[in-house]
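Each of the two complexes below includes subunit A, the first together with subunit B, the second together with subunit C.
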Partner chain A sequence: MTTATISTQKPGGGLKRLVERYPFLPALLIALVLLALNGLYQPRSISFIGITGLVKTYLALMMLAIAQTYVVYAGDIDLSVGAIVSLVNVVIVVLMEKMGGSGFSVVAALGVGLLTGLACGIVNGIVVAALRLQAIVATFATSIFFTGLALYVMPVAGTPAPAAFWRTYGGRFFEIPFVFYAAILLAIVLYVLARTRLATQLLAVGDDAQAAFQSGLPVTRIRIQGYALCGLFAALAAFCITGDTASGDPLVGGKMTLFSVAAVVLGGSALSGGFGTVVGSIIGALIIGLINSLVFFVGTPSEWQNLVQGLAILIALMAGVLVGRRARA
Partner chain B sequence: MTATTQTQGRAPSPMLTFLKQPLVVALILIVALLLLGETLSPGFASAQQILRLLIVAALLGIVAAGQNLVILGGREGIDLSVGGVISLSAIIAGNVMNGADSAIVPAVLACMAAGAFIGLINGMGVTLLRIPPLVMTLGMLGVLQGLLVVVRNGIPSGFAAPGLSRFVTQPFLLGLPGIIWLWVAIGLLMAFMLTRTVYGHRIYAIGSNEQAAYMAGVPVRAMRISLFMLSGVFAAITGICLLGYSGSSFANVGEQYMLASIIAVVFGGTPLSGGKGGYTGTMAGALLLVILQGILTTVHIDESGRQMVFGATLLLLMLFYGRGRAMRG
Partner chain C sequence: MSKLIMRGVSKAYGATLALRRGDLTVEAGEVHVLIGSNGSGKSTLCKVLAGSVRPDGGEILIDGKPVTITGPHAAREHGIGIFYQELSLAGHRTVAENICLPDMPGGIFVDRKALEIRAARYIALFETVAGEGFSAEAVVENLRADQRQLVEIMKALATEAPITIFDEPTSALDRAQVDRFFDILRGLKADGRSIIFISHRMDEIFAIGDRVTVIRDGETVGTENIADTNPAAVIRLMVGGQDELAAGASAPPAAATDRKAAVLKAENFSGKGFANVSFEVAKGEILGFGGLHGQGQSAVLRAIFGANLAAGGTITLGGSAFTPSNPRTAIRRGLAYVSGDRSRDGIIQGRPIIENATPIHYLRQKLQLARPAALAARVKPALEALHTKFGGLSHPINSLSGGNQQKIVIARWLIDRPDVLLLDDPTKGIDLSAKADLFSLIRKLAEEGMGIVLYSSEDAELLNNADRILVFNGGSVRRELTGADRTRYNLYQAAYEAA
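Moving on to the complex of A and B:
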């Protein structure tokens, strides 16, 4: 499927070539339509404050979708990302509380949080790439282990995060909400990452691991690095969710794992690896957020909301896969 | 032992080949775990306890039969929606029978029809729209979880008929309850189907080389759809039995079976890539998983320690089974 993109350039496919170049375009279109629909049913939702709220709530899922993308690049999958989010969440909240909640303690705790995410990612990488276990079941096993660690650090949910932390996350500087600074910083980091050799190597491994190996790439090390990067972004997702919920919860990330996979697929990346974009995954996460808010705004009775959301996401997933394939075929 | 395998031109010793069979590995591990459980808490391997473990293993083993078939069929076959089907089936069964023995047969038929229908949609998405199974069944899981919320708000969860509860928990023949005989029957049927029938051979054919199977005249699409339908039906049967086991259904009873069923299949020696393996191993895999959980619940450690040990043990056990091939130039 992916090899065909290089060889044949069929004439007359301007739009097709555009989608081929920017695989996230269909997702962007869906997101824009959803945004317009949101505005139609609730004009305030596309105001500055409405958008800020949306980004504030779904920045964590965006981060997690990015995390998942780097693993999917190489044709792997990580079902433990949600557990890593939970673990980092409780680790930083407990550390901040132990150290008194000052500005320094927040920075130190975030540093430890990043290291925790990195360590979890490396464990996953070793288990899947070096020990050669099957990614789906192996990362599920590590997710149980990480959840156990999170429960050890904080047995029951509820410890509050210090005000210095969540006031910053929800606050404004020079009239611009903090989350937008975070988004700009994220964009720069992603731009730089996309230029690194690692991103290309991950895609090469995902496209054809054997060929990558034979051309001299250290496949095992590259896959471990992909998982490590995934762990780091999962830690960032944990920071966002801690800023949003302002408390520690050893099970907070559990439900997010499958949504992160869905966001990656919605963004036009292939789960088989070798093809995808990080931007697409971010848009995928936004689509999930926009579907959830739209279902709420159109006045769906509360007990029907989950069903309508589920159906809408399923349809969007199908559309994403179909359009993506049409573009690549 | 290793010396014989390394000398060229000589077959590995028959003893080693025998010991490396997944089924034998699983059986040895089962005996070892039972001994370990008996040492840790005397009475663990008593007849009554083993009977209880067998019932729980049968619940897992039946849904794992469907999962096994989907995975055997290859092309990254996997069914993440089984947990949703189990929960839904438990609710349908509870409402249709509502404590009346006379309504067991219609309840069973209704549940199996629902399971088959969900499998049909999964199968059509995977074959006709060519959505990857992971994505399709993940989306379906979201839909089913939403549907469960709607159903549970509208109607009470209902009760198991006494006959059904007897079938699952009370001795029926030779001191064993009906559900164990049902599991044995399913095991025999699966073994017969996979080794002696055209249908069974075709499953392996599409699982190991879909293109070749298609060329040889195997109706690949119909085959794959039927596998997903069988998975739905088996999950529905587990849902019914689960209702009988617990008396009434509660929120998301099936959720825990989603990844457990996949792990049982892997522990049984069927790799997620499909095309080889069988159900006898999966039965042992289900038993292994249930005994492991049983040991962890009898040992007095808190929840966090239990999860960590469980996760780590799963990883350790996976090392006993077929790992991916190492890269060679």
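Moving on to the complex of A and C:
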């Protein structure tokens, strides 16, 4: 009883509560340090144009990190998000091309893309939550399946996306780049999503699935909904990457999968579930982006870039753990 | 018409019959106490009612109408709320969210206002006794054990169910909190709600109960009005006609005559879940740890073995001091520990029998390399001494039954004999013949000079096999039973007395 009394009066108590309330604070600190380092080595990188470029390039990874977060909330994982990105990417590019590349075709294709992502997510959810297969292996298997579908839709990379699409994504409205509108819209969507019953239920399931079940929550349905939400955001990630690369590539998302998991962890969420924030995952994705650009700006020889990137991510992870632990202790 | 009638409810987990014939009739506006010893089936009966366990047979009537309860959600729709003994809280969520978790206000979006208002209503009930740091926004994980228990109580109250089950709701609460809780229960009773109340504290049962139903060995044996009975009579009902069974011929009155030097001695031993435990085990003695499940028996054994942290006190092993730090040093000093939780503490899943039987041999002999044939020569006699049935030493351990797996785990300690054998509910989930083999071996080992500490949640095992019994209650030794005192009645009396 006394220990509880003491800990609330400790000078670290305020910081502890702050980190508890906003678990992404350590990640934010790391991101700011990285941003400063970027500016130090390449002043232009923190200009308006530099930031726009960063957001434009890494909006896809942010979306994918968000997608992964909802699944991780419930203590699950989705190793097929990258494959979903690839599948949606080729589906929308092929559809836009087939329909002539007009504004209407773009909107229609995006609608189909969202449905494709949703369908993939529901498949994952059924396989993991209803059939009770191990999430890691099951979604690894579905990732191969989705990649297979993508290769069927578009056997070789290179079909270009219509100009109407990528010009919009890379363009400006009233002097403000489109990606910022997208980011603001995203922020509103996330704000709303965080207030849904589903978000709380996912976290409750991740905390202790048995306890959630005994509390009368429909655990299987909640987990499937988590995967469905993940599929939707993976589709959004695919839209971003299509806007950025302006072409279809059946293998474009594959390497992003584990980056999305890393972003979630960097953002302070627990892979075991029950604890985390979407904002943290976005910052996690930014950290990965900033590390990549920093490695480039520092002038690392190309053959060493991967090695340095890997080391930097490890260090960021360690720093996040240390900062978080210090604050919570 | 009775609010709730359960008739002939049964449930088996694999080969173990947890509930043979559970009967329970609860009226509106009463606190109905359910009591029974360890594993008698009262929690199972409650879980059936709450929908978290599907019964194999029997019928349930609510307001006279037969119902089928398919899951926790269905139970809630039938007006049943439950406080879970092992709690059902989401640790990272706030108090308010946990209270409203089963039925979040709002549609797709959570209605925060409504949630806070609803939670505040239940938090206010305990405002004066909840203690420091307790608020609607507090994260459950950061709360003390008693505060968490209060959250679970609030969560059960918030269901506003006509029938509410409280499965040991007071185990972590202090006096003031219990008093407050009982006041609330009396209020619910006055509103015509039905309360099913499980507790092991006789004083509480007599303070709050209207009627009491006793369950023994998975069967309802009787229901009494609290006003017409007394604690001794309730314990007698729990014991049934089994008293003669106790302290039978199988346990010779050994220890008293040859008080040899103690091989294991604990003085004021304390740690998480137990305090100031002192005892001695002599060479050749079987010392029993008894009492209700989870009163510190297992925690003491694990702490001596170094598997859990000890906080204070001294341990003497064979005449010299011993500081438990980790299992490796304990094993080197001649301690052995066998737990009933084989999957956590015992077997190495999926590996051959020979590997499962030899890790202690490797450790104690500091072996780095060994010829399988040489190992087999040591393993075989140990397994045969236990009548272990197995196909071949290279077969995976999972191919064996629970009883035979446990024999392998015990056999690993017999290749290099320890001085003291700590048995932590070793017969959980194993069949009767394996149990018989096990206890005859334990007696033989004792006769050969080993000191043995046996904790068993099955009272009959304890009464039949231990030379002395220490009854644990609330983390400390409440009573020592020796000789003719080793009866079921005495065991229950010490175990159920107010902690």
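By our rule, the second predicted complex is superposed on the first by the 308 of 329 C-alpha atoms of A that agree within 3 Å, B and C clash if a C-alpha of one lies under 4 Å from a C-alpha of the other, contacts with A are read in each partner's own complex, and residues count from 1 in each chain.
By our rule, contacts are C-beta pairs under 8 Å (C-beta built on N, C-alpha and C of every residue); 3 or more make two chains touch, one makes a residue touch a chain.
Because the structure is predicted, anything quoted here is derived from the model rather than measured.
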item: Clash-or-fit label for the pair subunit B, subunit C on subunit A; value: clash
item: First, second, both or neither for A:Phe178, with subunit B first and subunit C second; value: neither
item: Touching partner for A:Trp166 - first (subunit B), second (subunit C), both, neither; value: neither
item: First (subunit B), second (subunit C), both or neither touched by A:Phe296; value: neither
item: Residues of subunit A touched, compared between subunit B and subunit C (which is higher); value: B
item: Touching partner for A:Val321 - first (subunit B), second (subunit C), both, neither; value: first
item: Contacts of A:Pro155 with subunit B and subunit C, given as first, second, both or neither; value: first
item: Partner chain(s) touched by A:Phe145 [first = subunit B, second = subunit C, both, neither]; value: first
item: Partner chain in contact with A:Gln134 - subunit B first, subunit C second, else both or neither; value: first
item: Touching partner for A:Leu258 - first (subunit B), second (subunit C), both, neither; value: first
item: Partner chain in contact with A:Gln214 - subunit B first, subunit C second, else both or neither; value: both
item: Intersection of the subunit A residues that touch subunit B with those that touch subunit C; value: 210, 213-214
item: Residues of subunit C touching subunit A in the complex; value: 50, 52, 71-73, 75-76, 82, 84, 87-93, 97, 101-104, 106-110, 112, 131-133, 139, 142, 144, 155
item: List of subunit A residues in touch with subunit C within their complex; value: 1, 4-5, 8, 20, 192, 195-198, 200-201, 203-204, 207-208, 210-218, 274-275
item: Of subunit B, residues touching subunit A in the complex; value: 76, 78, 80, 125, 129-132, 134-136, 138-147, 149-150, 153-154, 259, 262-263, 266, 271-272, 302-312, 314-315, 318-319, 323-329
item: Subunit B-facing residues of subunit A, complex; value: 77, 79, 127, 131-134, 136-138, 140-152, 155, 209-210, 213-214, 219-220, 258, 261-262, 265, 271-272, 303-311, 313-314, 317-318, 321-322, 325
